[in-house]
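In what follows, structures are represented as structure tokens.
Across the two complexes that follow, subunit A remains constant while its partner is subunit B and subsequently subunit C.
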Partner chain A sequence: MTRRQREGSPWTGFSAVFLKELADHLGSARMRVLEWLVLLTGIAAVVAAIQDFRANSGQDPFLFLRLFTYAKDPLPAFVSLLSFLVPIVAIGLGFDAVNSEFARRTLGRVLAQPIYRDVLLFGKFLAGVATLTISLLALWLLVFGLGLVLLGVAPSTEEALRALTFLVIAIAYGAVWLAVAILFSVLFRSSATAALAALGVWLLFSILWPILVPFAVRILVPSELDLAFGIPSMEQLGLQLSLSRLSPNTLFGESVLAVLNPGTRALGLVFPSQLRGAIPGAPLPFEQSLLLVWPQITGLIATAILLFAATYVVFQRQEVRA
Partner chain B sequence: MRRLRLLSIVFGLTLLAATVAVAADPPKPDVKGLWFVTDFPSVNARPGEPATLKLKLQNYNLPPERAALSIRNLPEGWQARFLGGGLPVAAAVPGTNESVNLLLRIDVPTGAPARNQTLLLEANAATARSELPIDVVLSDELPARVSLKPKLPSLSGTSRTSFDFQLTVGNDSGKDLLVRVAAEAPRNFQTSFTEGFGSQEISSVPIEAGQTKDLKIKVTPPGDVPAGDYRVVAVVSAEGAKAEAPLTLNVTGQPKLKLTGADGRLSGSAEAGRATPITLTVSNDGTLPTEEVELGGTPPTDWKVEFNPKKIDRLGPGEKREVQALLTPTSKAIAGDYMTSFRASAKGDSSSADYRVTVTTSTMWGAVGIAVIAAALLVVVGAVARFGRR
Partner chain C sequence: MMTPDLVIEAKSLTKRYPGGKVAVDRLDLGIGRGEIFGLLGPNGAGKTTTILMLLGLTDVSEGTVRVAGFDPAREPLAVKRRVGYLPDAVGFYDGMTAFENLAYSARLMGLDRKDSRERIAAALTRVRLSGSADARVATFSRGMRQRLGLADILLKRPEVAILDEPTSALDPQSTHELLQMIREMKADGMTILLSSHLLDRVQSVCDRVALFNRGRIALIGSVPELARSVLGGGYAIEIEAAGEGVVETLSSIQGVRRVTREGGHLYRAECDVDCRSAAAAALVGRGVSLLRLAVREPSLDAIYTHYFEGAKDDKAAA
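== the complex of A and B ==
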């Protein structure tokens, strides 16, 4: 097997691809629709929360963080909305990243330039991430500003750090779904199929996965205790937790919970002996909260990178004809 | 002799009546006439002050009659009159077998010779008359006199006890007095008087002539008083009269342990699974040295705590000693705040301090996370190397 020698800088043409893609994203009508969707729902949730806070102000030391997690019927919390909408925006940005170039027969032309495929993919991926970052940052700043103006309370350094971490986690979460969408856009030549496949995966993880996991655990690890009394055994609980953490939605939910709710001390199984002497409700320092969800955050980032690697491998093996 | 028989008959009859029938009226004594009746036909008087005598005009088996009242043998300058219902009266009409209450008021002029006099009281009615000689004893002014007697003059207790002494204050003079109460106590001792079972603090108490009253004095020594005997003098006084009662407080010393963090800080952080030194201060705020102070702790399950030193041999009053607790949270501890309590105990006293520990977890997993991301990037690089560039 002859090995092709790598040639040239890996960054050649990267900025051209990145800037063009970014401009396309930011100017597209699709993006505007998605942005308005996210913006309106997010603002509605936050304004509803602020109204409640002003009506009955409590002694919450982390009032600002509660902006993100407070749910007022019928609106879900800002965080829940994001966990739902960020994948849609990411899929919307990425589902036709590569196959539309095929369809428009522009891929050959692009690759005829001194631009490598990895650079093309990387540029498209990073442009998507940048678009997500810009829109999420704008939304985040809007929420922060609304909080400052309507609550009249300045956030503490810790609150600001936690909110910023939340933003990073949301971007990582979006990056995973963007990578999924780009992978499907490489796998399927039809944009519609790719969009449908990506949305299918999203539905699987956001709706079906939480239902499927307990069933799967019961089949995989039968337990007498479970059969007799309906109480899951330790192995079952452990496996259930591991399986549900395969879903990016779970990772996002857990990490956001720990970061935005400083009282969260553990995710997953906790033995009563570990809680003896513990002071309930005592907030964790920021570093400890971060350490608690570090596996989740790194999991999200690593998943995005691995999906990108898979996309690259698939893309490399495809034939591109002008 | 006749009267004695009469009395025995009356007594017997009364007994009989009481045993046979309660409802039967006791028979009337077989006396007939008008009499002045009083318990003590004698009165003490001081020149310049009015003296009074209570008496009754009793009518036995006579129809009601007007009885004129008069006083004879009155020395010159003296005044004496009958008072009935508070007003001067000159005559009285006691009903049959009834009596009229009277008050004899005698005013002896100042400077009257100190001589005993006998006044003759007379009641003149149409069918009967009565006479009663009254001895008036003239005496000089009796000074006010008060007495003070403690029930238990010596009590013992610790410096944190409040000592309650029961006192009996007596007015031994012939008139009502307002008695002031006070106490002389060592510096910083608190004293307060209360009435027998009352809770109100008092500074003076009125006592009728010849009566006594129970008071309580509560002495609270300052908390840091050294052991020893302390004298408190309770003083009662009225119109120049004064009585004292020395009271003794036997304060026994006692050690008082206090355990606290260095600089009073009772919180700190510890990493899960690693021994963390915590500096604690044991002090003896009491008044006696304490010996064999044991140190211990009740940390959460599976945590370890060791003390260095494990034991303090002797801690004098006012002394302070630093000890180090080596706290090891279990490696499975989840991050966050925990309560653990440390304890110093010696014979008869102990002190504990609740310490808030913020458990931090190892940052090793952070490095592992970064390694995971690095591995993922390596996969990308590997893929690029494997599939090359097109």
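== the complex of A and C ==
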């Protein structure tokens, strides 16, 4: 009589875990530090951009979106800052999610309550995503508000839609890094080790990956053209693109580029023949931009889900005793 | 064959860890309703592993378990609703107050707000922590944490309470208080399974004990039963007497097996029956001044030491 069906709802206790973790996140000193970090850098970038806009009032039809992407030396653009800071915030929220329960010796007591083990993990993950969503939404509204007040221009519907899509992409990107952090918090019993490992992965993808990929491509696919003239071959470029898209940072960068810059027509290789008849610089409609980055967005969400699934498997097999 | 009033029943329960280490080896155990059962043994004997299997918190390699009529591996929620668990060195969320910690447990149990408020207040009063309900757990002493752990169990109103090393690292006063609370829980009709490596401390509360070693139950029964089977039964009488020929006098009494002088005026007689009166009469008859006469209760410590020393000798001989 092997009954595979679980008794009771698999969600038993979910809201309790979710609300407790959310309250912990929102009330924690760590969260406040991270929020200030994001807030100050974000505002600095946007205010600097607005000052420039005022000086040379451009005829850009998507002026509002430029708020997010405009970079003024020495400050990077708002989106670049986010691509850098969101992973840090996410890792900060997740690196001690599970191992701290071991360290505080609360795991056994909590799991002896009538809940399934996965509820604890799922509650923690979703509470982290909710926290990210709340902080990013607040930041996004702040930028939007600053734009309205300081620029005095109201965004068009299309701009609002694009900005909103950008928010969703940023949350998905944060969820990926949160899943990485929680995975390490399950793998390593020491939260310091887990934090270091997660930061290591982040460094790998944000700094080392773009450097390593061209090297790897040259080794994997040698080409005479490349050796003789230093011009990469088609295969090399294709592989390079595929490899670099393994990094969530690339996926985030590409999707944000296409969504916030309506002039983007393609991500990756484009042949002149494909551009025949196109008006250079003419913006794509919102649906077309969305279609363009759909693979990137689904890729980000899928990565988060896969990482969470891996965490789930490891956690289910782990012994409760410390 | 199921006995109806067995609350915990394990049959040839086995736990093998990856790598071949056998933590629990074909364990048979039956614990009746309303009993306080002690699982005793040295560290690493498999006590905690057994407890985790009873709760469904670790997989069973072989054998069957039923707790409160349910299989912990198949129906973990049903088991966990009926069983309260105090882990070894229980932990709480330090940044939260005692009340908040219990409120979290109550929410996990699915209690509604009003019900949980009442239960938490009652549980905290029972463990005498109602004055510290709003203090952060970080400020709590070890004894207070342990008591808060009991409150966590009381909150659930379980049929069975499983306490893993409830008295370890507690001072004598806290230990005494804790054992008193465990007795009170039994009076409420709860079945209690507790594990410990401190034999003499828990001896006083346990109805029955199982001595555990290397994943197996070596001995099981009430303390007097074990004493009879291990120490060869009978009574040990302590006599303090001043005078000549005490050993000879005592040895001549019927039922006395052995008399030893333990130094000074202290003697010890091992006998098959309680022959205190006969000893007193004989000694006074000889003109010896009798200072003290007492039956020594068989202690778990003695049983344990005696048994495992014997087991070691067997092993050495083999």
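As a working rule, the second predicted complex is superposed on the first by the 316 of 322 C-alpha atoms of A that agree within 3 Å, B and C clash if a C-alpha of one lies under 4 Å from a C-alpha of the other, contacts with A are read in each partner's own complex, and residues count from 1 in each chain.
One rule holds in what follows: a contact is a pair of C-beta atoms (placed from the backbone, for glycine too) under 8 Å apart; a residue touches a chain by one contact, two chains touch by 3 or more.
Source: prediction; values computed, not measured.
K.L.:
Following the superposition defined at the top, how do subunit B and subunit C come out on subunit A, clash or fit?
P.N.:
Aligned on subunit A, subunit C fits beside subunit B.
K.L.:
Looking at A:Arg104, would you say it contacts subunit B, subunit C, both, or neither? Reply first, second, both or neither.
P.N.:
A:Arg104: touches subunit C, not subunit B.
K.L.:
Check whether A:Leu75 is in contact with subunit B, with subunit C, with both or with neither, and answer first, second, both or neither.
P.N.:
neither
K.L.:
Touch check for A:Lys20: first (subunit B), second (subunit C), both, or neither?
P.N.:
In the superposed model, A:Lys20 contacts subunit C only, not subunit B.
K.L.:
So if I put the vertex at the Cα centre of subunit A, how wide is the angle out to the Cα centres of subunit B and subunit C? Nearest 10 degrees is fine.
P.N.:
Taking subunit A as the apex, subunit B and subunit C sit 170 degrees apart.
K.L.:
Can A:Tyr116 be said to touch subunit B (first), subunit C (second), both, or neither?
P.N.:
both
K.L.:
Name the contact category of A:Thr12: first (subunit B only), second (subunit C only), both, or neither.
P.N.:
The answer is second: A:Thr12 touches subunit C but not subunit B.
K.L.:
After lining up the shared chain so the two structures overlap, which partner does A:Leu142 touch, if you call subunit B first and subunit C second: first, second, both or neither?
P.N.:
neither
K.L.:
Where does A:Ala266 make contact in the superposed view: on subunit B (first), on subunit C (second), on both, or on neither?
P.N.:
The answer is first: A:Ala266 touches subunit B but not subunit C.
K.L.:
How many Å separate the nearest C-alpha atoms of subunit B and subunit C in the overlaid structures?
P.N.:
6
K.L.:
By the touch definition above, which subunit A residues appear in both interfaces, subunit B in one complex and subunit C in the other?
P.N.:
Looking at subunit A, the two contact sets intersect at 3, 7-8, 111, 116.
K.L.:
Touching residues of subunit A toward subunit B in the complex: what are they?
P.N.:
Per the stated touch rule, the residues are 3-8, 111, 116-118, 265-266, 270-271, 273-279, 282, 284-285, 287-288, 291-292, 294-295, 297-299, 301-302, 305-306, 308-309, 312-313, 316-317.
K.L.:
Okay, in this complex, where on subunit A does subunit C touch?
P.N.:
3, 7-8, 12-13, 15-17, 19-20, 24, 104-106, 108-116, 319-321
K.L.:
Name, in rising order, each residue of subunit B that touches subunit A in their complex.
P.N.:
Touching subunit A from subunit B are residues 299-303, 330, 332-340, 356, 358, 360-361, 363, 365-366, 369-370, 372-373, 375-377, 379-380, 383-385, 387-390.
K.L.:
Can you list the residues on subunit C that touch subunit A in the complex?
P.N.:
48-49, 52, 55, 57-58, 74-78, 80-81, 83-87, 89-95, 104-105, 107-110, 149, 152, 156
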